[in-house]
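Take this structure first; my questions come after.
Each chain gets a letter, A, B, C, D, E and F, in the order it is written, and its residues are counted from 1.
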Amino acid sequence: MFYHVKELQYHAKPSQPDPVYAKKLQEILGGQYGEMSVMMQYLFQGWNCRAENKYRDMILDIATEEIAHVEMIATMIAQLLDGAPAHDQEQGAQDPAVEAVLSGMNPQHAIVNGLGAQPNDSVGFPWTARYTIASGNLLADFRANLNAESQGRLQVCRLYEMTTDPGVRDMLSFLIARDTMHQNQWMAAIEELEQTQGAVVPSTFNQEYEKQEVSYSFMNFSAGEDSSRGRWASGPSLDGQANFEYIPNPQAMGQNPQLKPGPEYIHGTPPLDMRVMQNVEKMEPNHQPYIQ
Amino acid sequence: MFYHVKELQYHAKPSQPDPVYAKKLQEILGGQYGEMSVMMQYLFQGWNCRAENKYRDMILDIATEEIAHVEMIATMIAQLLDGAPAHDQEQGAQDPAVEAVLSGMNPQHAIVNGLGAQPNDSVGFPWTARYTIASGNLLADFRANLNAESQGRLQVCRLYEMTTDPGVRDMLSFLIARDTMHQNQWMAAIEELEQTQGAVVPSTFNQEYEKQEVSYSFMNFSAGEDSSRGRWASGPSLDGQANFEYIPNPQAMGQNPQLKPGPEYIHGTPPLDMRVMQNVEKMEPNHQPYIQ
Amino acid sequence: MFYHVKELQYHAKPSQPDPVYAKKLQEILGGQYGEMSVMMQYLFQGWNCRAENKYRDMILDIATEEIAHVEMIATMIAQLLDGAPAHDQEQGAQDPAVEAVLSGMNPQHAIVNGLGAQPNDSVGFPWTARYTIASGNLLADFRANLNAESQGRLQVCRLYEMTTDPGVRDMLSFLIARDTMHQNQWMAAIEELEQTQGAVVPSTFNQEYEKQEVSYSFMNFSAGEDSSRGRWASGPSLDGQANFEYIPNPQAMGQNPQLKPGPEYIHGTPPLDMRVMQNVEKMEPNHQPYIQ
Amino acid sequence: MFYHVKELQYHAKPSQPDPVYAKKLQEILGGQYGEMSVMMQYLFQGWNCRAENKYRDMILDIATEEIAHVEMIATMIAQLLDGAPAHDQEQGAQDPAVEAVLSGMNPQHAIVNGLGAQPNDSVGFPWTARYTIASGNLLADFRANLNAESQGRLQVCRLYEMTTDPGVRDMLSFLIARDTMHQNQWMAAIEELEQTQGAVVPSTFNQEYEKQEVSYSFMNFSAGEDSSRGRWASGPSLDGQANFEYIPNPQAMGQNPQLKPGPEYIHGTPPLDMRVMQNVEKMEPNHQPYIQ
Amino acid sequence: MFYHVKELQYHAKPSQPDPVYAKKLQEILGGQYGEMSVMMQYLFQGWNCRAENKYRDMILDIATEEIAHVEMIATMIAQLLDGAPAHDQEQGAQDPAVEAVLSGMNPQHAIVNGLGAQPNDSVGFPWTARYTIASGNLLADFRANLNAESQGRLQVCRLYEMTTDPGVRDMLSFLIARDTMHQNQWMAAIEELEQTQGAVVPSTFNQEYEKQEVSYSFMNFSAGEDSSRGRWASGPSLDGQANFEYIPNPQAMGQNPQLKPGPEYIHGTPPLDMRVMQNVEKMEPNHQPYIQ
Amino acid sequence: MFYHVKELQYHAKPSQPDPVYAKKLQEILGGQYGEMSVMMQYLFQGWNCRAENKYRDMILDIATEEIAHVEMIATMIAQLLDGAPAHDQEQGAQDPAVEAVLSGMNPQHAIVNGLGAQPNDSVGFPWTARYTIASGNLLADFRANLNAESQGRLQVCRLYEMTTDPGVRDMLSFLIARDTMHQNQWMAAIEELEQTQGAVVPSTFNQEYEKQEVSYSFMNFSAGEDSSRGRWASGPSLDGQANFEYIPNPQAMGQNPQLKPGPEYIHGTPPLDMRVMQNVEKMEPNHQPYIQ
């Protein structure tokens, strides 16, 4: 269960409205790697957690914090939209500064949301639950989380570069710092799990059942061998089980597939001997409905 | 540019049709972490790559391999669908074995695809480009890739458990092995980048501009302190810059937000003193259209 | 900002696993009118609220409760999935009871979520932010909310009919009761707003600027006049401004539209006099690229 | 069955082209609360109607009118796009007026639709059937309809403010008037149903089976009690069954959830005692595939 | 503007309920090539039509008919759902016939739609406006329409095979016949346009500006030359302008792309000489925020 | 299986960056009729092909070429984005040229993709697998392909008009030429199939089972008979089986549908005699839960 306090986790006050920047800021609210994504991802990982309590608790702590981040950014966006112009196009064309704002705004901020934040990204695409992952395997999921915090901090840094508003930058500096922590946090949790269970997910699948001949081979599927000059092409594998091997000319190992014609009731392309010239005389259909 | 050879990278032949399993197998073809996702993700990362050639080459090598994986799974699905029944419901109900197949099939496999694979997941949801990420920052993206290969191998292992068909298992054992390699490959590439640029993405943002007071603090947003018993709550941070700190009772640091009423032309909720009882007499609207 | 307590708002414990019912229960978690929708809708309405504090506070109170409802249902689903079978199809066909479960399960519950809840509806379609509405006009939005609670309670009642598990029914009886309250709550808030600002949204648009001749007319666009026998066809209008009028044979009042041919650089269908027979001699294209 | 007449229901002629406004106007064509949504919603409610004929007839009358509204707006958009510029960027930058148009246009209006309307909203997001609701319970659905007409009229009023074109305003004044009628119409239909069946949807679920202790309680899930100062917090409930009660400090009534570890064949996070240090020696996997 | 008559265009009465078939039938209602798609596609093509009136009129005639087809199928589905069981799982498992129905039903037909049709396809995916095309070029669009009627008739024929219900088959036989007409209709309209403007869309682009060396070359991008044995590999091209040419070994004609590193404020992967070992000492970030 | 060569199929080098045009160019990369669509459509058609090898080979040849087209356009977009400005709004407003760029850019090109291409269309909507079709019937699918190449070439021509950059136009001239070939190719393949199997898809459904009375009738569903003046209204049908017939006043042939009330456990609108006035006394619910 949850409780709310009215104060924000950190200040979210712009120095002045900026409806065009409000549109851009939506990316870290409702985008693929916005705060809604980590909020939902962590909530579901926590609620579904079948491991020890310390993991469930840790995940739900950070999930609860992320709700507060969504709140901060939504509040910031609403204020950036204060008094956004609603002039008509003709007026705008006469005043380039107004026009700049009108052309750069998300029209839904006015028409749909009445100068409020929306749960969408910077091009207005709605947040979708397909952004979340909760697989039941914490090592896999913590890697998803480390990625999310990496993409997220990268995007916040880019948005920091796109404004000089001190109030906005102040809030972003807080979010960037928290993402520093959260990257470290997931790296720490990953290290802990890798040390006890190994590095390859899932660790519980018996490797004797995988095609071990190709478990550590880098296959060069292009002309030229630039790809041989990396850590991934030679030396011990990262899971400590073998050495990397570089295959310069990988060959096909499988069959040349030949599919059987489908059954009549599927009405696929008829086999060649069932196709007849039908331009002059009445078609003689060769198939009765399947069951009559 | 690309060339095709007719043979598959590895054998993809089921021992017998199994239309219900075909539906499940769609998950690793067109699902969030299916082969289409890694194929597209790696293609776009490679094409957009602004780093040294060895990275671009490596990424496109694995991207090209992934197209072959999509091909193998699609071919397998088409064969699993060979001769799927199209009986009517009444007949099915009389023959439980047929009914089991009919109820468990994806109806679109027959109606839409004529017994062919589709670019969708195991519940029929279409693959969407929002599954891909190509951020221009390779360390961030390689973490996305390590996650994708971890989720992917996990799902293939689960599907391995759900069949006893030797032909299907043979193909899956190949995919599992390649995912072992690909997890190792991204771990190796991540290690290489972290050693030269540091562990926090993006490494080029000056940390003086982030709110450093909270850069290494774990905040406990729930009753109880189970979350303090993990690697993330104490000891040196994983980026080697500081020590983790545990905040048992984090407090709000921001304002209690108060938004200004919107301008008249937005027609939001009118402020209280503009609301009047309007049941008896004709409404006196208080707003003329903005520009007349 | 938010805090979490580990206990659920109300008990969520099934008497025994039921993976097929788990699939159905997803509807009120991640469906159009599931708890995720009201949670997100109320959060955004609260954060965007530009009216008096009592409204913001009330909306965020119920929003915070809805997070707890999502938590309860997610927890219930995870338990309903406990030990779901992963047999292969062949085995299933031999054991109708197992087969019934396998055919009726959502395959992603096993493959993707590892026996956990997912933020999707009962056919596996992901929750999307387009389900939410926060318009900045509270009377409009409270009507959205009353609808959401009506559809929601209806769906929970239907799900109540589909199970006899006492644990599941106990949780649903709590949700149904809360939806009773929430319907009453939004009706009360609507009444309060309608009494001060009138019943038509938005109340601030001057009705002199609308085409008042048709503001209270019911138009019968079909053969037969069954539609004249309702409250909407005669008597005083509900906003108290006029009387309903029934138009038995509404006529078109607008023009027969004639669109101009597009400019050449759009390459639409060429006007008739620009189309020439081109089968024998080389085509003489009639358009040079727009700017050279 | 349906018939078409060539004339529009009302005039839809702009005084001059305005491609930027055309983009905005898409919101009430293909947006969440655009005319396509009410058209589809009413059509499906009518076709699925299992109540008396007067309801089916009334719903299909308004549905048929809404098709005409979609037609009017689509026609208007096509004319607003007449002769939209297709200059290149360089030219545009030299002519701010042209540039203003180019930057503010929806690029698909030219590239995809050849200066025609599209079934999308103002940010180009396609109309989706998840916007519709037809639940089989008319009281629930009429509330959905009242909401749709409230959001819809609000959006049209906002768009009215954003243009001064007399032709566009004339068409919008017609739509606003019809939305006045349609809000009144659904209020009338709701009143009629509530008077015979009661106000809580569905009225047919026996309230003895809901958790009646919490059926009329407002729960204050935040610090501070602003939310107690509304109609929803005290006095008789709107359904006339009880009195509202205000719970200042709601407490958790449910369990602290503990999920069981998943079965081995799911390959979730292994329980702690199954995790072993695997850095030095070959991993000893603890799980054979489920069925062999 | 449109009018409605209460009678259906053709009979739509099943002989008995069949909720499982109702799910399948959704494909031709709300699927990619269902009746909603052609209805919307033709409506928008008609409303956007800038060619002679006979085209606009013809397109809107067929569009209006398609609304009636949606109506017929929706009505059929509602009747197929009559009295669908809502038993719990336990009961179902005891009665295989009931279970067969329960497992094969779309759960939303009961939970969401109350035994009514929904605007979705046979896996429950909602109809989306991205299925429609209205490009402003009628030859292009009539090819889209011919495709839609081909896919549509194919799917209806497959559904005909999946039932023996005489009432359902009667309705489908009507739809199949209309699709026969509509394929013929679009072929006729295509022939008419091709004869006056040529076969390649758009005919108005001056072919001198295309890279004519490759305008009629079939490129063999795979090992083996099976693809040379078709009409497309030799002989006169279908537009009558040239002869097909078969290129057995197509070579790359473009550059090996080398992208420049991004600017600092994008925080992409830093160039190699900016990456330094950072494990021991404090990171020296090399970038100040862009504007300060 | 596939191989990659580093060189592009054709040159893709802009003369100078143009981030606004980069946004527009996304349409033919990730739009409904962009190169990703034909690439995926042809790959799946080839992999699912159950007809003679020459078709499978031909389809996969063109599929493989399309991957190279995606590569060319992605590479072009990345270069068009080189050094895109990231100024703040205030600066932009002072410099109209910079502002023109900032307002017209896709914000995700900077924030999400770090100046790289994305798999989306020109309004940022992600590519979706619902754009593809692979029905198992080649004649149907080749019509889909002819449509795709027609829409595709049309869009490329429009984009050609929107730029004067010689490098961009050079690449587009290549794509336009290939689309000329591909339209011809699919026309040739269609001709080949139609000559052997007839023109109506599917040819294998016995026309005796369709409602032949309406198989060749054009129905005029509107006032006025402009639609009678086309090839589709008279003369021999294009499949050579009959003559077109024009029905000036088509009449309804079906029933006036009357749906039965739903069962109690669905909680639809209660029948009239079950609705009672409930304002004064306690509601007497008329339904117990279905199974107790």
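Of note:
Everything that follows uses one rule, which is that contacts are C-beta pairs under 8 Å (C-beta built on N, C-alpha and C of every residue); 3 or more make two chains touch, one makes a residue touch a chain.
Source: prediction; values computed, not measured.
Contact tally for A-C versus B-D: the pair with more C-beta pairs in contact is A-C. The pair B-E is the one among B-E, A-E or C-D whose contacts match those of B-C for more than half of the residue pairs. Distance from the chain D centre to the chain E centre is 24 Å, each centre being the mean of its Cα atoms.
The distance from the centre of chain A to the centre of chain B, each centre being the mean of the chain's C-alpha atoms, comes to 6 Å.
For chain B, the set of residues touching two or more other chains reads 1-9, 32-33, 47-48, 50, 53, 55, 57, 60-61, 64, 75, 78, 86-88, 96, 103-104, 110, 112, 114-115, 123-126, 128, 130, 135-137, 139, 154, 157-158, 160-162, 164, 169, 202, 205, 207, 209, 221-222, 224, 252, 254, 257, 259-260, 262, 265-268, 289-291. Chain F contributes residues 1-9, 30, 36, 40, 43-44, 47-48, 50, 57, 60-61, 63-64, 67-68, 70-71, 74-75, 78, 112-120, 126-130, 132, 134-137 to its touches with chain B in the complex.
Every residue of chain A that touches chain E in the complex is listed here, in rising order: 154, 157-158, 160-162, 164, 169, 265-267, 289-292.
Put simply, chain F touches chain D in their complex at residues 18, 20-21, 23-24, 27, 31-33, 96-97, 100-101, 103-104, 121-125, 154-155, 158-159, 161-165, 221-224, 252, 254, 257-262, 264, 266-272, 274-280, 282-283, 285-289. Touching chain D in their complex are the following residues of chain A: 1-6, 47-53, 55, 86-90, 92-93, 96, 99, 102-104, 106-108, 110-112, 114, 123-126, 135-139, 193, 195-198, 202-209, 240-241. Looking at the complex, you find that chain E touches chain F at residues 5-13, 32-33, 53-58, 60-62, 64-65, 72, 75, 78-79, 82-83, 86-88, 91, 110, 114-115, 125, 128, 130-131, 133, 135, 137, 139-140, 143-144, 146-147, 150-151, 153-154, 157, 160, 169, 173-174, 176-178, 180-181, 183-189, 191-192, 199-202, 205, 207, 209-222, 224-227, 229-232, 237-239, 244, 250, 252-257, 259-260, 262-263, 265-268, 290-291.
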